[in-house]
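In what comes next, chain A is part of two complexes: it sits with chain B in the first one and with chain C in the second one.
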Partner chain A sequence: MATPVPVLRLPKGPDPNSRGFDPNSPRFIALCRTSISSSAASESDSEQLQKEQHARSVLREGFLRCLLSMTNKKVQFQMYENVKVEATFGASDIDVLNFQVSDLHTPIGVQKEALIRCQDVISFTFDI
Partner chain B sequence: MDCDWPLLGPLRWLHYVNKQVKVRTGKGDEHSGWLLSVDPVSASAVLLTFSETAASVRVVMGHAVKEVEVLREADEVTAERLRAALLPPSPPSLDPEELRRRRGGVRRWLQENRVPVEEQGEQLTVAGVLTITAPYTAEDCSSSNQIILDRIQRLIRTQN
Partner chain C sequence: MAMRQTPLTCSGHTRPVVDLAFSGITPYGYFLISACKDGKPMLRQGDTGDWIGTFLGHKGAVWGATLNTDATKAATAAADFTAKVWDAVSGDEVLSLAHKHIVKTVNFTQDSNCLLTGGNDKLLRLYDLSNPDAAPQEISGHTSAIKKALWCNDDKQILSAAEDKTIRLWDRSSMEEVKTLTFDTSVSSMEYVADGQILVITYGKTIAFYNALSLELIKTVEAPASINSASLHPEKDFFVAGGDDFKLYKFDYSTKEELESYKGHFGPVHCVRFSPDGELYASGSEDGTLRLWQTAVGKTYGLWKCVLPEDLGTESAEQLYASTPEIKA
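Right after this comes the complex of A and B.
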């Protein structure tokens, strides 16, 4: 299973005009089904908003550290239709919509570099 | 039922952190583990499971979470292990004399390279925008200016 499969067509890149968590960027609207914005209650209460933003940054930092510890490690992806693939994790994009991986082992061969859509992934696991 | 797990929000998610939970995805699949964090952007849950020798992490994507059930709280020992799980290993602490020597060495190297650097107590400040804290390695530089950060990091790396 070591024959590399050539890339037939490169995926479309991200919109160069949008950065960050902009919920109005066309990419975010097109790809993110549920936009997780701040709760309605916190909009009126600034103390609540502060607490929510603090919670948000603590949670995001934890998640980013998890992604960091995953780089260059072998990760097993469980996807829909009972598909399980293994790859070496490279990077994620900021909205957690795509993962860049290397050496993706698929039933038709090994893809040297690939982008995995997060909507297709149920869960993924790795050892630390 | 938590079909609206992605809509709970950071404050509710924070309640689940550091607890042992069972996450159900569709089709009866269950994953249990200690909840390390929930990504506020994608609502993905990061679960940690310990085995005798190692630990493994499973991240369940937010859109796939059907239900989250709390099993139990973490005790002191587990809570400490969870906190330390994702942090990078802390460097061994050096004595003040060694730190002073290293600080002086880094400062001299930067000055030789015509970089405006000042010593401010335990820290080095470069051009007023970048700070280097103990133990003055490339990883200890912090700045909001990406270009200066990159340059100074490269310089410090080539010193050793």
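Right after this comes the complex of A and C.
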């Protein structure tokens, strides 16, 4: 008497209210066109475009160096809903979707290890 | 301890599912697109069958659907006389290519730069997607509606199957017919397996395997019923077929022996395809559903969970399986 193979759940069906393609899915965030396209001025002027691209590279490099120097330091995160938390920064994932932190001080206690969702963060500060 | 196959049913379509295609394996897994007579092709996660999105825009039955290798683009062929190209990440329509009749089949080249279409106007069209406003190249020759067209031999050649009971091999650069296979009856489906250059063709109750370059017959296998579609496992040890008796059949490719058969669909099976990793196969039916079937029944994969004999007392298979399908609000 054979037993049917158990399944964890059934496949999810379509959402009756939307056409799908969740913009918060990792694939969408990673693959969709950059939300900030080059400015209209530089579309036509290649020299302007080069300057803009250079400025973008400088900003990007600065951001990445900032993440590097934050490692193992105490960082204060200002988040939505007037939430301010402090934690020791560990690392960011490749798409800057999540920050891995330790000793996250929250109003309901200290979380030893946590992931902070980047889209919830407004700003963060730390001492170099 | 024998395990019984539990197919996973993907609901959502409201009319028969006539075509389906898998993408290649991407960093986000692999994906599945289904063409349906309800005009709304759907994208699903390949290993779980979870719905990801519906491509909205066609105004008629969608007869053919395909994904490019990395699942960033989709193409569909429809009864509204258009073939459309879609961004498969955002679901947006990218291009609408007007035809003079019902479009039945679409296929991307490996680099996704060229789209092949075919349909009831009996012409094969090659669209340069980097230059979509340019007129497509046209290949004529078939004397009836084209049902399926595929790129083969490293995109250097094209294979097409039509209602004129022929399968023709064309050279892309010369646009000339290289070889023709003639049958007594219309071919119901065609699959090209690049690795090994094998062409899988179905007609009547027969599943035939041909060398895709020479169009020489390798072998034929007879099934118990009229077959509409078949697919060869990536490792070429099995093939699966489905047809008018609503069942799915699994055969051993070397011995031609029928190994397993499954009931489940409530209507004829129109299309069946193995996933790129060979772990499951998907079938689309007249009953409006897609079903996912395990290649190795009982293995832990996707939503299927292997239960060891000692766990069977505590964990009832019925409890896990008998949950109602959830509809995301």
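FYI, the second predicted complex is superposed on the first by the 89 of 128 C-alpha atoms of A that agree within 3 Å, B and C clash if a C-alpha of one lies under 4 Å from a C-alpha of the other, contacts with A are read in each partner's own complex, and residues count from 1 in each chain.
Definition applied: a residue touches a chain if its C-beta (ideal position, glycine included) is under 8 Å from a C-beta of that chain, and two chains touch if they have at least 3 such contacts.
Bear in mind that the values here come from a model prediction, so they are computed numbers and not experimental data.
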By the touch definition at the top of the document, which applies to A:Val7: first (chain B), second (chain C), both, or neither?
second
Chain A residues touched - chain C or chain B, whichever exceeds:
B
Using the superposition on chain A described above, determine whether A:Phe63 touches chain B (first), chain C (second), both, or neither.
first
Taking the superposition as given, does A:Ile108 touch the first partner, chain B, the second, chain C, both, or neither?
neither
Residues on chain A touched by both chain B and chain C 21
In the complex with chain A, residue positions of chain C that touch it
1-6, 8-12, 28, 42-44, 48-56, 72, 89-91, 292, 294, 297-298, 303-307, 312, 315, 317, 320-321, 323, 325-329
Chain A to chain C touching residues, read off their complex
2-17, 19-23, 25-28, 31-32
Residues of chain A touching chain B in their complex?
21, 33-34, 36, 38-39, 51-53, 55-56, 58-63, 65-66, 69-70, 94-96, 118-119, 121-128
Give every residue of chain B touching chain A within the complex, in rising order.
6-7, 9-11, 13-14, 17, 25-26, 29, 31, 36-44, 46, 54-61, 63-64, 85-87
